[in-house]
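Each of the two complexes below includes chain A, the first together with chain B, the second together with chain C.
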Partner chain A sequence: MEHAPATGHVAIEETTTGLSHRKLLIWAFLASECMFFGSLIATLLVYHGKSLSGPGPKEILDIPVTSVSTFVLLLSSLMMVMAYSAITRGRVKAFRIWIMCTAILGATFLGFQAFEFRHFALEGLTPRTNLFGSTFFTLTGFHGAHVTVGVIWLLSLFGYSFRGDLTRESGLSVDLAALYWHFVDIVWIVIFTVVYLIGVAL
Partner chain B sequence: MSLHSQPPEHAHPTPLTYAKVAIVLALVTAVEVAIFYMESLRPIFLPAFIVLSAVKFTLVAMFYMHLRFDSRLFSGLFVGGLLLAASVIIALLALFQIIV
Partner chain C sequence: MAALTVPGVLRRPASYTGLWSWVTTVDHKRIGVLYGVTAFIYLLLGGTEAFLMRLQLARPDQSLVSPEAFNQLFTMHGTTMVFLVVMPLGAAFFNFMIPLMIGARDVAFPRLNAFSYWCFLGGSLLLNSSWFLGGAPNAGWFSYANLTSKAFNPGHGIDFWILGLMVLGVASMAAAFNFIVTIVNMRAPGMTLMRMPVFVWMTLVTSFLMILAFPVITVALIELMFDRMFGTNFFNPAAGGQPILWQHLFWLFGHPEVYILILPAMGIVSEILPTFSGKPLFGYPVVVFSGIAIGFLGWAVWSHHMFTVGLGPVANSVFALTTMTIAVPTGVKIFNWIGTLWGGSVRLTTPMLFAIGFIAMFIIGGLSGVMHAAAPSDAQQQDTYFVVAHIHYVLFGGAIFALFGGIYYWFPKVTGHLLGEGLGKLNFWLMIIGMNTAFFPMHFLGLDGMPRRIYTYSGEMGWGLWNFVSTVGVGIVILGVLVFLWNFFSSLRRGRPSGGDPWDGRTLEWSMPSPPPLYNFAAIPRVNSRDAYWEQKRGEVGDPPTNSPRSNSHNEHSSNGPIGRRPQGSYSDVAEAARLSIHLPGLSYFPILVAIGLTLAGFGLIYNLGLLFAGAALAVLSIYGWALEPVSDPAGHPLGH
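Right after this comes the complex of A and B.
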């Protein structure tokens, strides 16, 4: 049950913990996602260097291109917190600008991934080529799917803001989307290090 | 935990703090890429990449995901998931004799 607090802005839920159940749920979900991506990363590491045929990470991964896409995703996280900050201050117009910038940067990241996947396919690496291809496409493909869901979520928030559904009091809805988006960002931080930097260097 | 243990909204960082964190994140990523191209640093590649990646991960979780400012229950849930994920990775690597 939610009610407007005496101080005026953020609605506080009456729960046994004093914490929002929706926020608890998203954190529990993100914890389960840690285990999901952890399993995929472990599988990639276990099969590292065990492909019987090429191409492998050293021949095919392009660090400069992936570095740029990493910067794009990091920048999108900044845009996301600016959007959250704007909505908690009741600045809906600023929120719309920041959330749209976040969605555009997310879509740009997906564009980089589509470019990379197409390039790899042309070079002869598909999920069926070897163990590296199978584990690489499964891991990065699932991450890309998460980014796609995030972009759709952000665009839906952008749309809701025009219906008047998003106000200073409903900052929690933006907070939940922001938590998901930042999680997608930190998963990529790990993937960039483990798959790209360490995978190519070692 | 009482109703009032929830930190107030204004406890979250300001846009300026968010921008500072973003600059640090960009710099750390740039350092990572620079190290990658420095052959002389090859012996420390693995620990350097792991530490720098952990720094970025922590900064995003603490400041952008507000774990530093929100309830410790959220931190406990997330860190619990992270520990389980790390256990899965270590167990699989040990099972396939990549480590140990």
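Right after this comes the complex of A and C.
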């Protein structure tokens, strides 16, 4: 997020590994995030089938609907790749279109999640209902919060592109957002597999 | 006027002197000093809490403090010493020394570094404000479920503990990210990984432990917070929740945390011992790989805190074995330290005494640790004073002794003055006699069955004598700390000038004047070996120092003022940096603003949603300001006034 001006020392200085500081930072951050989501998923798995009252995953999860929202999120990763590709070729206008598509698809995913949460609440599953409710809403809620941060980040990059300082050389700024975005996507694939598919099957 | 108007309302701070220059500083050396001073104040606070408990326990059936107050005291003593003393004292040395030791001008992210400190300060104030806002947390530093559920603990103390630890966790992780990137990516040319000083290595391992362990406690804290604030069921047995889950999550963080506390201490000792033995560290690669091994094994031992929970013989056996395995790399390190002393020309300076004291005390603590590792033996010791004795031998005799050694060792580098050797030795002997008087009798008390965390005991139990001795011991330790403070304040201005290299140092930080200039290195050094500065001084590798251009520039610096003492961060440094075309990272208001926002949001979660949103908004806006602010001032250096 730090835009180095021509005189700034961060972007242009030589580093031991040849990688930029910010690139290393985001990888270390994602490692840390793995432990964060890992702990949340572990809690959910430990409590699988331990709820004393319903509704449980079998009764309430709607695989077809969530499959659509999963597809939307995966598609957004493709858009992100296109946006990054555009900025590294210096095509700022194409970048704006792709990054906006990514953000819109991310927001659509969040819309699905809001719909899902509301639907579950009406069906009688809230975070207070049972262990499944507590673990499910906490895990998917924190994932949704990460997607929200991602959407804000993407929209910020969209905004920066009008300041005229987002050029081919600052592809790194987009790269960092892209790494974060793909990571959040991958976490969702794990959640969809573990919580939804396996959760309903077991 | 070079000050740049930042998008929004703030003008770029441009002053390198005065109070505001400390608030907006991004200089790793100043941030290190801030960490050190703050942590030391918390050491005095945590020590006071300990002394109150010892006074209460000095004789049977006393009522100096109430049972409730006693619960708050032992909870806050543990939390304070772990999160507000040992970790940030380590961070003080990371900050001040790591860039100097690897030949860098600053850390990778100077503003993130400032943010770490302010977040640490905010979190610690949030935690300690509970004393004045209805009572401190009272469920132990581990805060086991269900002691913490709303039903059994309706006050706000636990909420302060949860939110304070979350903010402190943000601070620790931000610092750890910064040091990983700094160490991996900012080493001077020639400083390969296996040429790094052991302290740098241990900082790297510790930083990895932090970024991987703190998310786990964060999740546990979130679950506990949701249980208390929103009525979820994570630790609610009535809905099938298992309080044991808290123990697993807490100790999955908590045991790596133990190594987060001790590895930097081992790093400091590994710097002090070779310097004052006059020979390189014995078995450097083995010491490094042992540290890494401890970092890995630290993840596989957490259930030894839970041997009496009833996990079953298989789990207990596995964790007993993995725990005993940790004794191997630890023992290897101890043999290598002794091997370093062996045949060396040993100088028994104060830092050296503390380092040797560390080895002796850590061996005693390590031996009782192996006793705990045997699950059947631990069943007898669990929750007795025997365990209290163990952790104080490793954390006081271990970590604190090494940190004091580090203070005596690096104080001249930070201030340009030596701490008094006479007072230093008095300090050391008072502390080592005091700690053994305080903590050794706890072994007897524990084996005699005295439980931990009781606020008093009956005279018939026969525990009166050793408890009294223990309290006297704590008094002696406090005398030692007072001697240190006397030494500190008298040496700060009037101590013997140290010059750049008072100890015949081995590592790069000694190659520069004391205190180091704002920009650290006039020219980035080239490293050809381990113990680079020794080799350089002895002319075995590279140029002898008198011929090298960088030593000339150092001589130039040290002739700037009175011998060895230069004002740090002065305008002359800024001018010198400009002359040398060194870009200094710009000062910034935003790190402290983000930290204030997060702390306010913490208070808001406890008291008031409006405050929560105000704090969050301040944090988010400041993050935008931070992101849009150029890293260094493009209009030029701050001398443009």
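The criterion applied here is as follows: the second predicted complex is superposed on the first by the 189 of 202 C-alpha atoms of A that agree within 3 Å, B and C clash if a C-alpha of one lies under 4 Å from a C-alpha of the other, contacts with A are read in each partner's own complex, and residues count from 1 in each chain.
Keep in mind that, in the parts below, contacts are C-beta pairs under 8 Å (C-beta built on N, C-alpha and C of every residue); 3 or more make two chains touch, one makes a residue touch a chain.
Predicted model only: the values in this text are computed from it and were never measured.
Colleague: Going by the contact rule set out at the top, does A:43 touch chain B (first), chain C (second), both, or neither?
Modeller: Both partners, chain B and chain C.
Colleague: I'd like to know which partner A:138 touches here: chain B for first, chain C for second, both or neither.
Modeller: In the superposition, A:138 touches chain C alone.
Colleague: Tell me which partner A:202 touches in the superposition: chain B (first), chain C (second), both or neither.
Modeller: The first partner, chain B, only.
Colleague: Please work out whether A:28 is in contact with chain B alone, chain C alone, both, or neither, and reply first, second, both or neither.
Modeller: Both partners, chain B and chain C.
Colleague: Where does A:113 make contact in the superposed view: on chain B (first), on chain C (second), on both, or on neither?
Modeller: neither
Colleague: Kindly classify A:17 by the partners it touches after superposition: chain B alone (first), chain C alone (second), both, or neither?
Modeller: After superposing on A, A:17 lies in contact with both chain B and chain C.
Colleague: Counting only touches as set out at the top, which of chain B and chain C does A:127 meet: first, second, both, neither?
Modeller: Touch status of A:127: second partner only.
Colleague: By the touch definition above, which chain A residues appear in both interfaces, chain B in one complex and chain C in the other?
Modeller: The answer is residues 9-10, 17, 19, 24, 28, 31-33, 35, 38-39, 43, 46 of chain A.
Colleague: Which residues, counting only chain A, touch chain B once they are in their complex?
Modeller: 9-10, 12, 14, 17-19, 23-24, 27-28, 30-35, 37-39, 41-43, 45-46, 48, 63, 67, 70-71, 74-75, 77-78, 80-82, 85, 88, 171, 178-179, 182-183, 185-186, 189-190, 192-194, 197-198, 200-202
Colleague: Name, in rising order, each residue of chain C that touches chain A in their complex.
Modeller: Residues 108-109, 173, 177, 180-181, 184-187, 191, 211-216, 218-220, 222-223, 226, 230-234, 239-242, 245, 249, 252, 583, 585, 623-624, 626-628, 630-632, 634 of chain C touch chain A in their complex.
Colleague: Which of the residues in chain B end up touching chain A in this complex?
Modeller: For chain B paired with chain A, touching residues are 1-6, 8-9, 12-15, 18-19, 21-22, 25-26, 29, 32-33, 36, 42, 45-46, 49-50, 52-53, 56-57, 60-61, 63-65, 71, 73-74, 77-78, 80-82, 84-86, 88-89, 92-93, 96, 98.
Colleague: Under the touch definition given earlier, write down the residues of chain A that touch chain C in their complex.
Modeller: Contact set of chain A toward chain C: 1-10, 15-17, 19, 21, 24-25, 28-29, 31-33, 35-36, 38-40, 43, 46-47, 50-53, 127-128, 130-131, 133-135, 137-138, 142, 156.
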